[in-house]
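Below are two complexes that have subunit A in common, paired first with subunit B and then with subunit C.
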Partner chain A sequence: MSTSVGIVSAQRASFDTPLVCKSGAVLSRYELVYETYGTLNADRSNAVLVCHALSGNHHVAGYYADNPKNVGWWDTMIGPGKPVDTNKFFVIGVNNLGGCHGSTGPASINPETGKPYGSQFPVVTVEDWVASQARLADQLGIRQFAAVMGGSLGGMQAMQWALSFPDRVRHVLTIAAAPRLTAENIAFNDVARNAILTDPDFHGGDFYEHGVVPVRGLRLARMLGHITYLSDDVMADKFGRSLRSGKLGYGYGVEFEIESYLRYQGDKFAGYFDANTYLLMTKALDYFDPARDFDDDLDRAFAAARAAFLVISFSTDWRFSPERSRAIVNALLHNRRDVSYAEITSAHGHDSFLLQHEHYHDVVRAYLERAWNEVAA
Partner chain B sequence: MSTSVGIVSAQRASFDTPLVCKSGAVLSRYELVYETYGTLNADRSNAVLVCHALSGNHHVAGYYADNPKNVGWWDTMIGPGKPVDTNKFFVIGVNNLGGCHGSTGPASINPETGKPYGSQFPVVTVEDWVASQARLADQLGIRQFAAVMGGSLGGMQAMQWALSFPDRVRHVLTIAAAPRLTAENIAFNDVARNAILTDPDFHGGDFYEHGVVPVRGLRLARMLGHITYLSDDVMADKFGRSLRSGKLGYGYGVEFEIESYLRYQGDKFAGYFDANTYLLMTKALDYFDPARDFDDDLDRAFAAARAAFLVISFSTDWRFSPERSRAIVNALLHNRRDVSYAEITSAHGHDSFLLQHEHYHDVVRAYLERAWNEVAA
Partner chain C sequence: MNALAATRPDFAAIAAWIPQGASVLDLGCGDGSLLRHLQETRQTRGYGVEISDTKLVAAIRNGVNVIQGDLESGLSGFEDGAFDYVLLSQTLQAMRHTEELVREMLRVGREGIVSFPNFGYWHARFDVLRGYMPVSEELPYQWYNTPNIHLCTLKDFEILCRDLDIRILDRRVMTNGREISALPNLRGAMAVYRFQRA
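So, the complex of A and B:
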């Protein structure tokens, strides 16, 4: 029944108005790559923006003509007849500023020096991303999104949309997210960052000029990340204590299946992801904290929000636990906002937000049908 | 009321009978350093062996004459009038084979080559440690221990004593341990090992000859370890999202207090701990699995045990959760063994076993008073 949006291709938007980042750094000009699925309606009221998480990008659904196996990361969620129904909505995926999939980022050429930005690329924040996405919406003639949605760091961007541009988003879907990271979350990010920062091939962020890549650091960062994306249970079910060769080797090579899996994931990631992008993405996660400017009072932070919210968490997500999602829900309720909440029972930990799950998808589908009724009204 | 055992000094025992490790590797001769507190009674029935965990050593209680600040790692637990009362018991702390605090280990000179063992030091197991500890007991004239005790990896050694030498231990105290690691536990260890193995200064384990130390890898391993030893709650309480300078720096230096803490711990550890010891300690953790030889049936594995057990877990220990301790308890009960179990409510995660905690210490005290009554009877 559910089908794919089919062949897609990336588009590119250029921006010449300088973007002043929260840090004070200025990007004099930049580009964003994005994809769209479905058709923007006449009054431009059916647009849905999908924000990506740490390692995501703008390729959210469909596949490429020259590489049919490269399917978008949320293809199970988005397409004709799928929970985010492209027969109804005009869906936009955008690669974040600072990314490594086509938008201006640390590996891009700095027009002021003629060399890759590297260490000179600013530490961008969730607020900066939302500001840059709003400019893309301007270019596309979209004044108000029917919905902005995302999981994990993408869910934080969706939330920030309601705070930065209250009148430009009608619905926010924030999935497997949190109002801010805990000390433990920051600690895991810091270990991952240190793996990269102390890799001799990192060269202070200017490794491009040395013709090397801090593979060791990226690999460790990804291995560690993967552990925290999965649940203890799913790792036990999937790998347990199985040995690759069936017996102990008494050495430091790969022995347990879980080691093989993690190293494979680490190697794959280190082969395509940019180390500086990894750093700035984790920093954006650490910094996101809308309550900070309101004496840590999340209720006051959310007073500006006007959108209706769907908040979703997953039972085994220990990185962004259901408790953290309920904190968002409570802050919205204290502001008498329109909020729906679902805690999905899933074995797959934080990664659940990326996976096909009937109950989860039904919740998103039902919620967006309501959003669609508003568009169609 | 509770006092210290006072000034202590390490002793050294030499062994010339080759030790055949579980891997098949043979150590032709080796030394163990150890400390003792209290007095061995006439019939040598009051000895308590304390086994250490990953980063521990033989300096369990008291302090050194030339360094009074170097207090034993379990000094709160062991001493005159303390839960392990040295007015009653003769307590032995021993540095594990493969350690880096005086016992023969990877940094020791290999008599066959005249150079440090380095990569040639065998991967030792919990069974090998227990075998080497039994030889130390032989030298000290101790046929049977009143108790063998330890936390974490030390708790695994205590358990193994009941399996390897059922008639040589009357009581086993296994604290914050597990019958075997989960896939998630192994995964964390593998990331830590990879940090060391891929450090260019590791030189395949033979860094001693190069005059360098894989500081970066050890540092990362320790930072990661620390996260898993603490609870999410205690990190939130202790560090929260506090910033060192009070404001965001938009760079990759230390910003949050938790980062400062972790990096400090990492630096300190990398300054004294041996990278090869870290590797083999984590491998011994991964390998420990008494049920493996019994078709994963822990009940059958424990059929050999004769000792009485005290099993203790801590409510917020997510590395070795109470559930894992209950698996030990159940296997013992299925074998109709004498077993006591306490789940201690503590905010401090896995590290709880090292900390002073009234309820925890009272449980150990009460249990050992019973063991003492047997000795005195």
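So, the complex of A and C:
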């Protein structure tokens, strides 16, 4: 039996009710692209929403008919018989507002000016995303999700679902996430943003009309990001101090394998990702802080949550360390909410949440079997 | 007695002490059998703590809340007085920081319940007398592979409680699932204690 959801295609939903963002900015209308896998059951109780991270999108599982190599970013996790079993659940992947994969974003045409939004696109937050995802759920007739899940920034959205819409989500799976960024994390994001903001081709965000792309900034931002997604051990294992030519060149070209790898990743990313989306995503990360409205008391922030939680962290993830996940767990414990927590031993740092890992997948599978038993009951 | 209580006689004793609707923290919860049993028969709410990956998955599958963690590093995530009962079933003897854990149990819980194999059981004494470390149903390990580094007798445990200002509220001593009342430190293979701060 195949464990791929097979050929998939994106769908598009339009919204005419203005969305008032947390910043006060208003998006009068917008579109969200999404994909679905599996079948929504008669009482619409088996839906699972998958939220994406910084560079993700709505293409979560399966592949496209015209491009079989374009496999969804969480295809290891989602499919028939996989931990998120599409034989049971109706799974939705959505490209976030402000994204660059089809949903309304900085590169979209602003209906008021007839030009790309560019610098005029509002800085959207995790709360805004969750609000827009809820409207998509409304359109699909889903009142309550069996589960909302995500890793990293996606895990923050899943968490926010429990806070913004406590009665619309039964289970939250927050993976490799944090209740808010540390100063160090904001610092990394700021360096990445500065790479883009100071690229002469950025043009204050309105580079579209100049027919250029701030490629240098984007690739630097991505190179920096990649360093923080890996662990020291994995980098040492994978690249060590290996030289491409086997000898030192006494110059500033690409010599070490790690340099070559980072540049390759940077170039690849700069070829398809939108610089404004990158800025906006990192800002959403920096701003996420549910405790802020409660005198920095995360326990009080989580008092609103009703969902049961599965929190997962990875031992070598230093960008969103296990301690950060434990802070989420502790806030839930202090509110006596249902929560389970797994710290997965993995060598792969923050990236672990995207990778195939038997025990990690067993944990998610076991947890979702419970969620499924409730749906089936 | 159901099948579960038959395999783990201390479970039945523990369950008998737990009132309906109590909040429970089960330290070293294993596959979550005891918590599940308490949820089903006593409508308890609570959490298990487990360090092993495979047992964690089994506990999740069993439908209980389980937090992966190492008891040796304390219970810092849990607030003072958060639970009615803190359970430690057949784990005390394998802990390095025994005193600290017992203190922590009574910090986060109103009452503590522990069960452990009695090293004063005549069977164990007889083995030592014959010149061997005891191996039995309660102590199934060889000396070189046992996780049990802090074995004790009923008297030893009661001295520890006295030294830590702990009042013992109740005690059940068992051998092969049968209650032992006379000469418990000699005739009992396993003991369960319920206690609180004095």
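Definition applied: the second predicted complex is superposed on the first by the 375 of 377 C-alpha atoms of A that agree within 3 Å, B and C clash if a C-alpha of one lies under 4 Å from a C-alpha of the other, contacts with A are read in each partner's own complex, and residues count from 1 in each chain.
Just so it is clear, contacts are C-beta pairs under 8 Å (C-beta built on N, C-alpha and C of every residue); 3 or more make two chains touch, one makes a residue touch a chain.
What you see is a predicted model; the values in this text were computed from it and never measured.
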{"item": "Subunit B versus subunit C as contact partner of A:Arg336, first or second or both or neither", "value": "second"}
{"item": "Subunit B versus subunit C as contact partner of A:Asn194, first or second or both or neither", "value": "first"}
{"item": "First, second, both or neither for A:Arg219, with subunit B first and subunit C second", "value": "first"}
{"item": "Which of subunit B and subunit C A:Ala366 touches, first, second, both or neither", "value": "second"}
{"item": "Partner chain(s) touched by A:Ser23 [first = subunit B, second = subunit C, both, neither]", "value": "first"}
{"item": "Subunit A: partner with more touched residues, subunit B or subunit C", "value": "B"}
{"item": "Contacts of A:Ile7 with subunit B and subunit C, given as first, second, both or neither", "value": "neither"}
{"item": "First (subunit B), second (subunit C), both or neither touched by A:Ile109", "value": "neither"}
{"item": "Subunit B and subunit C contact sites that coincide on subunit A, given as residue numbers", "value": "none"}
{"item": "Partner subunit C, residues of subunit A touching it in the complex", "value": "308, 310, 326, 329-330, 333-334, 336, 338-343, 345, 359, 362-363, 366-367, 369-370, 373"}
{"item": "Residues of subunit C touching subunit A in the complex", "value": "23, 45, 47, 53, 56-61, 63, 65-69, 77-79, 82"}
{"item": "For the subunit B and subunit A complex, residues of the former touching the latter", "value": "22-25, 122-123, 180-184, 186-188, 190-191, 193-195, 197-200, 216, 219-220, 223-224, 226-227, 230, 232, 235-236, 238-241, 248, 250-252, 255-256, 258-259, 262-263, 266, 279, 283, 286-287, 289, 292"}
